[in-house]
Each structure stands twice: as C-alpha cells, then as structure tokens.
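You will see two complexes here that share subunit A, one where it goes with subunit B and one where it goes with subunit C.
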Partner chain A sequence: MNFLSDWPTFLPGLLAGLGVSVQVALLSLVIGIPGGLLLAIGASSRKKAVRLLIIGVVEIGRGTPALVVLQIFYFGLPASGLTLSSMAASVVALAATTAAYTSEILRGGLQAVPQGEVEAAGALGMSRRDTLRFIVVPQGLRIAIPSLIGFAILIFQATSLAYTVALPELLSQAYSIGSSTFNYLSVLVLAGLMYAAITIPASWLTSRAEKRLARHL
Partner chain B sequence: MDIFLTILQGVPMTIGLTVAALAIGAVGGIPLALGRRSNVPIISLAAVSIIEILRGIPPIVWLFIIYFGLGTALPMLDPITSAVVGLGLISCAYMAEIYRGGLSAITRGQWEASEALGMGRGSVLTFIIGPQVFRVSVPAAASYAIGLLKDSSVAYTIGVSEIVYFANDQSRQTSDALGPFFLAALVYVIMTIPCAWATRALDARLRMRVAR
Partner chain C sequence: MKNQKTTVIAALAFAATALSGCGGTASSAPSADCKPAHEFPTVAEGKLSVVLYDLPPFSKLEGNKVAGVDGDIINAIAEMECLSVSAKSVATAANIPTVQAGRADLSIAAWYRTASRAEIVGLTDPIYTDQMAIISKDGLDDAEQLKGKTVGTVDGYLWVDDMKKLLGDSLKVYPTTLNMNQDLEAGRIDIGIDSYGSAQFNKKSDFQVSVIKPHEAVAASKEAAQIAIPVPKQNAELLAALNADLKTLRESGKLEEILKANGLDSSAADTGEARLIS
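Showing the complex of A and B:
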C-alpha cells in the first residue's frame, strides 16, 4: 500500500494550499476583530435603537452558518451587481462571521472590567470616550485574549469551507490531488494532519495564555 | 413562498444529523472524559491525543476523509452515515471537554464524603458525581448543540439533503442566487434563537438542584 510513500509528492501542492488557508484566516481576523470590537462597544450604547440594531445584527450573524454566509457573498452578490473573487468572498464572509462572534467574546471581556474603575474614571473627570479608550478597552481586550485565540483556531478551521467556492486552499488542493490520483484517503489524511499541526499547538497556546492571565487578575 | 417550503424540507435532516451526532457525543464523551482524568499515564495520554486530533481537524475534512477516503473501501458509508459518523466523532471530543469542565465544578469534598460513606469509585461516579456533572454541563452542551446545528451544514458538501443542499438546489433551478440562501439563513436563525432562550431557562432550573 502506497499510503505513506506518496506523501512527498503531495506535499508541494498541499503546502501551497495551506498558505492560502493561513492567509484567508489572518485577513479575516485582522478585518473581523476590530469589527467585533465596534459591535461590542455599540451593543452597550446608551441609545436603545442602536443597541437593539447591533444585537440584531450580531444574533443574525451568529445564527447563520459560515457556509451559508460564504454562499451568499460568493454566489449571491453577483446577482446584485457586485462580483467578488473567491478569495475576496471568503475573506469578507469569514470576517463578517468573525465580527459577529468576537463581538460577544469582547463584550464579555469589556463587562469583566470592574464597574468601580469606570466610576473612578468618571470621578476624575475623564470623558466617556477616554474612559473607554484608556481604561475599559485595554483591560477588556486582555481578558478576552484566550477566547480570541480559541476563536482564531475555529476560523482557521473554517477556511476549509472555502472549498465550496473553489478557492485553492488546503482542502481544495487535497481533493483535487485525490481526484487525479484516486488516493483520497492518503491525501486527505495528510491534509487533516496539516490542519492539526497548526490547530493543536495553537490550542496549547490558549491554555498557556489563560494561565498567564490568571496570574495577574 | 414555494422556495421557502422546499428549503424547509431540509430541516428534518439538519435536526436529525444534529441529534444523532449529539447523542453519539454525549455517550462517547464519557469514556474520553474519564480517560483524560485517569491516573494511568498511557490512558490519559491516549484520551488527550484522541480529543486533540478530533478537535484539531476541521469537520468538513473529517467528512471528506470518511466519505471519499474510507468510502472507497467501505461501500456502506453513504453520505448520511458518513456525516453522522464524522459529526458524531467530533462531538465525542467536544462533549468530553464539556464533561471535564463539569467534573472540575464538583467540589472534592463530595468525593471525600462519598468515600467516607464507604462507596466504591464506580458508584460514586454513577450516583453522586455523574448526575451533577450532567446538570452542570447542560449550558455548555446546549451552546455546543446550537453550534453543531450550524456545523451540520457542511454535510451538504458530501451530498446530504439538508437545508443548504435544498437552498443550493433551488438557487440553481430558479437562477436566483441570493434569495434561497437568505431563506436558508433565516431558517437557521429561526431555529437557533429559540434554542438559545430555551437553554437559558433550562440552565436556570437545573442549577438550583446542584449542591454547592
């Protein structure tokens, strides 16, 4: 059985795919996390209409599977006159999902900052914006770091959904090698191990980050 | 409206996949969670490795490995079976982690008290710790179940006729690329939001019955 012997020949194609997967994941996080922070701040707005609107957006964003969001951006938007490449559609779709999910994570982080500090900042005459910028957000972000890393791992896994929009990422590459060599099991297992090679060390990082943060809080 | 009704035909499959995978995970997670706490290093290392590998590989890749990879050798793996097996295996790992969280929420004193009463390890687990772990695990398991409901959409890629499959089918037939997917999204949102409310209520009720 040539289960392992073919791995060296599969490797270049799969590594190229892995590069695309990592790129999509990083871009989605870089765009999505600031978006999530804005949503998190907006969700605690004093204006009820703003608050309800943002909570609605977040609930819909979290309630819809990433796969469906991806299909809407890739197949759906051309119908309304905006055509995105598979790369752009994947990044936009995953960034939108990231924003919806991280807004809840960040909101939890922001709320964990003691209320007394906010009141103290007010007593010192700091404006609401300055309090948010210098007191609440820096501490809230730190509290949220372990959950954010955990979410980043899930987004990296979710890049495999971009297979459905013909993005040449890791899974697409593995599948196309599989269909040309009929050695699906071997190439898919190798691809799976490549995902695991990134996600497993990253999840150790999460638990280390949790322990480090627990030391200070 | 017709499109909406057609997409609704996928709902039983989506719910079926979710429930089946969750049931497999709820049972399979128990040995993994206990194995992880084992004092025998080989057992705990094996349990940790299985959990990490199951969680470390994306669901869609598992389904492909099972359906396209193993399916060529095992013809009884049709798309539905492959999806149930794949999602079920992943659930085992996630449920094991949820149980682990639940186990650590039960105070040591309860183990010690049970031991002082002369109960064996097995019966402490079944009668004292186990029932409480299940109750403490409900909120985490419920939010995992909601995630699984959405993740089950990946089964569409191997041809299981669930919600996204029908949405995709309708968008081809009506050459409307946007509407069917929006309706599919709506169906998911309608299903997940009441689930989230129900679990919050259930959690509040179950929490009252856990000794602290």
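Showing the complex of A and C:
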C-alpha cells in the first residue's frame, strides 16, 4: 500500500465530506454574522440592562469552546425534548459561536467610524436608527470585513468538530477511511490538503481585501 | 526561603515523574525475582505501554488498570513477562497511529484482523471471534430489513463500507459506541449495528440484539471477525512473544475464563484457522 497510490480511492469520500464542511461553514456564517451585528449594536445600547445582558451573552459565547457548545446542542437538548439532527446542531452551535465572536469584531468596526460623522448626522436631525443604518453600519462593516474573512476561515476549520456528532464532514470521512485501512497518515494528509485548498486562497483574499479597503479609510 | 526551596524541589520531582514513561498510569510493579517468559524491547523499560479507547466489554480503564476481555488478557500477559501495564485512553482514531509511530507497544480495543490493517501494523494470531449484530426494537436480523430506516454504526468496524453502499445516506457513522447508543436512545436512529459483545453489554431493556444473517453484500455478516492485538510492525520480538503468551493462555483455559468473566460465550475462543479479511 503506497502513501500516494491510495489517494484516488480516498478522493470521492473526502470530496463528499468537503462539500458538507463547506455547507456547514457557509450556513453558520450566514446566520452567525447578522447575529453578531445585532449583538454588536445591542452592546452599545443606551439601556444599561440590555447592554449588560448582551455583554454577558457575548462573554459566555466567547468563553465557551465551540466543541462544548456543539455537544450541548447535540447531546444536551434531547433531554429537554428538542432533538436536532447532527447537521442542524452543528450549524446552530457554530452560528452561536460566530455570533459571539463576530459581535466583538463588528463592535470594533462600528466604533472605528469617526465620532464626528455620528455627531454630524445628529446635527442634521437624523434619527439614531437612520444614523446606524446609513452612516455607522455600512462603514463599520467595511472596516470589519478583513477580520470577518479571517474569522470565516477559523469557522471553516472548526467544522471538523462536527466529527464528534457523526456529521459526515471532511475529517469524519478521513477518520472513517483511516479506521478501515489503518492508513491514517495518508488519508489525513490528503484531508489536510483539502482544508488548505480552501483556507489558503481565503487568506489571500483577506490580505487583498485589507489593502483594497485601506485605500478608502 | 527554605519553604520556597522545598516547593521547587517538590515541583521538579512531580514534573520528572509526570514526564517519565509514556505519560500513562502504571499498575503495580512485578516482584524483583520475576523471570520473564520472553525477551523483547518495549517503549518504556519494565512497562507494557498500552493504548485503548473505551469499548466495553472488550477494553476499558478502571482507575489506572486495564479491564475488559482485551484488558484482562494484557494483564495476564504482562504478569508472564514481568512487566507492569502502563495504560492510556486515547481517541478511537488515535489508537493505531500511536502504535504505528512506536509511542505505545500495543492497542487493545477488539481490533479485527484484515489484510489492509496487516500491512500497516503487526497483528497477533486470532484471539477470539466477534460477530456483527443488529440492535433494534423488533429483533431484526437481516440487512435487507434495514433499508429505509435510519441506521447508526461505529467507525472502525468491518461492515461500515458495505453498509454505506447498501444503505447510503441513511447510515450514520459515529466516532464511539457511546455516541451511537446515545442517539439510539434519543430516537435519532432506529437501528444500531455493533459487535455482538458490545451490543449485549450496552443493551437497554426495550431493545433486542440479534446476530445478523449472512447477506451477500455485507462480507462481515458472512463470517465472524477474528480479534487481534496490533503492535508496531518493526517490533517482531514483541509480536512473537505475544503469540506465544496467547497460546499459553488458550491452552491453560485462562482465555475461556476471561471471556466468560466478561459476559461473552466461551465458544468465542474457538477462532478456527487464522485468516485476514480482505
């Protein structure tokens, strides 16, 4: 059995797994980032109770490892009568982690919008909601984009945690092949290359985005 | 100042202890006048370094001692070889790479003898056999009956590939038996497929365990798998010693005793000729 000669037989299973990984990552980001934006806006609320509650949620979310969140959603919820599929549990858990982490990234972005512009909007008689909608959020998002792409790469890698809840994602498929052939090293190297095939171009995209957006700031 | 010194010395002593060996916990040491049955190199001197994952009734850690069928066998072998057992529980998928890399002398988790596995690690002669079983509420025993149902099984079993082909997406593959049983109880899956011994051990009152009927598309249903202990391929002396010790255990009747003591039928010790499933 050769290190490379088995790769063609490993490929179909791993590609199917990669598809599941990408799907979980995209869904988690699509749900999690808007969630993070809401938390970021809430964290600067004028009402102290709302502010404290949201900061509490964010701190717990950031302080709990994604694996623990995943296990709670998957294994813990059936006890309370809600049984999520492994796909749903993975998406919900990673979206919750995304929301908690990106809220801080986005809060940083929103706060970086020059205070003068907010004051100017106030002077023009714009409501707080319109100031957020038209002035703060569009610019804040733009500032946060490079960090958000960086975080998206981390979430894509974190999809491998879904292996623990029997989701047939990339790492799970690799382990499955490894456990039947015992050829763990070969299959894990191929799986690693597949992760890299997504994350390395994404990293390039981040640095390009950073340079491009810096021109307008 | 003196106190500080004592603390530093204690910390260093603790660190040295923690760093020695392979980090596992060692069971009681054999007596000084013990004569080993064979000579072979081990990862840590005087110790048989074992990795396992929790797979009752075959392998488990009880405190710092290995237990279960494979655990009891290893304890008996260690006694013959005047070694203490140093055991570490690792993730299912980490067992074989640990042995392959020579970080442990062997893994005990009811590993099946297959041709592809024999290319990667050294496999001992067959020790006992294990059958494929279906866990269901209705006592199903035919692979055909599983079509259209949500079925779960555990990574590492011989039938995983064949069952994937037969059942497609309705087969969920779990990293551990525990995970599968949790989902069986939660109702996420209707059926579980496990080894007969493990399924009997974990059985809940509203489920039945049946040995599967031979099915053309599932090789593992046609003949019981032979269990072996994987060792690093380069340690031929260890493999020879284990085979000799296993023969002694079989001939003395100790092997059957171990199987019975762990709730398995003693007929499982009758493995037939050694074969590798391809």
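To be clear about the criterion, the second predicted complex is superposed on the first by the 216 of 217 C-alpha atoms of A that agree within 3 Å, B and C clash if a C-alpha of one lies under 4 Å from a C-alpha of the other, contacts with A are read in each partner's own complex, and residues count from 1 in each chain.
Here is the rule we go by: a contact is a pair of C-beta atoms (placed from the backbone, for glycine too) under 8 Å apart; a residue touches a chain by one contact, two chains touch by 3 or more.
These figures come from a predicted structure and were not determined experimentally.
For the composite obtained by superposing both complexes on subunit A, the positions of subunit B and subunit C are in clash. Of the two partner chains placed around the shared chain by superposition, subunit B and subunit C are both touched by A:T164. Once the two complexes are overlaid on the shared chain, A:V69 sits against subunit B while remaining clear of subunit C. By the touch criterion defined above, A:P78 reaches both subunit B and subunit C.
Once the two complexes are laid over each other on the shared chain, residue contacts for A:S86 go to subunit C alone; subunit B is not touched.
Set against each other, subunit B and subunit C differ in how many residues of subunit A they touch, and the higher count belongs to B. Of the two partner chains, subunit B is the only one touched by A:S203; subunit C is not. Of the two partner chains placed by the overlay, neither subunit B nor subunit C lies in contact with A:Q111. In the superposed pair of complexes, A:S44 makes contact with neither subunit B nor subunit C. The superposed model places subunit B right into subunit C at 99-107; the other stretches listed in 27-35, 99-107, 225-233 or 243-251 stay free of clashes. On subunit A, the patch touched by subunit B and the patch touched by subunit C overlap at residues 75, 78, 163-164, 175, 178, 182, 184-185. Looking at the complex, you find that subunit C touches subunit A at residues 92-93, 96-97, 100, 114, 116-117, 119-121, 152, 155-156, 158, 160-161, 172-175, 179-180, 182-183, 186-188, 230. Within the complex formed with subunit A, the subunit B residues making contact are 52-53, 55-62, 64-65, 68-70, 72-73, 150-151, 153-154, 156-157, 164, 167-168, 171, 176-178, 181-182, 184-185, 188-189, 192-193.
Interface residues of subunit A facing subunit C in the complex, by the touch rule stated above, are 1, 75, 78, 83, 85-86, 163-166, 168, 172, 175-176, 178-185. Contact residues on subunit A toward subunit B in their complex (touch as defined above): 59-60, 62-69, 71-72, 75-80, 157-158, 160-161, 163-164, 171, 174-175, 178, 182, 184-186, 188-189, 191-193, 195-196, 199-200, 203.
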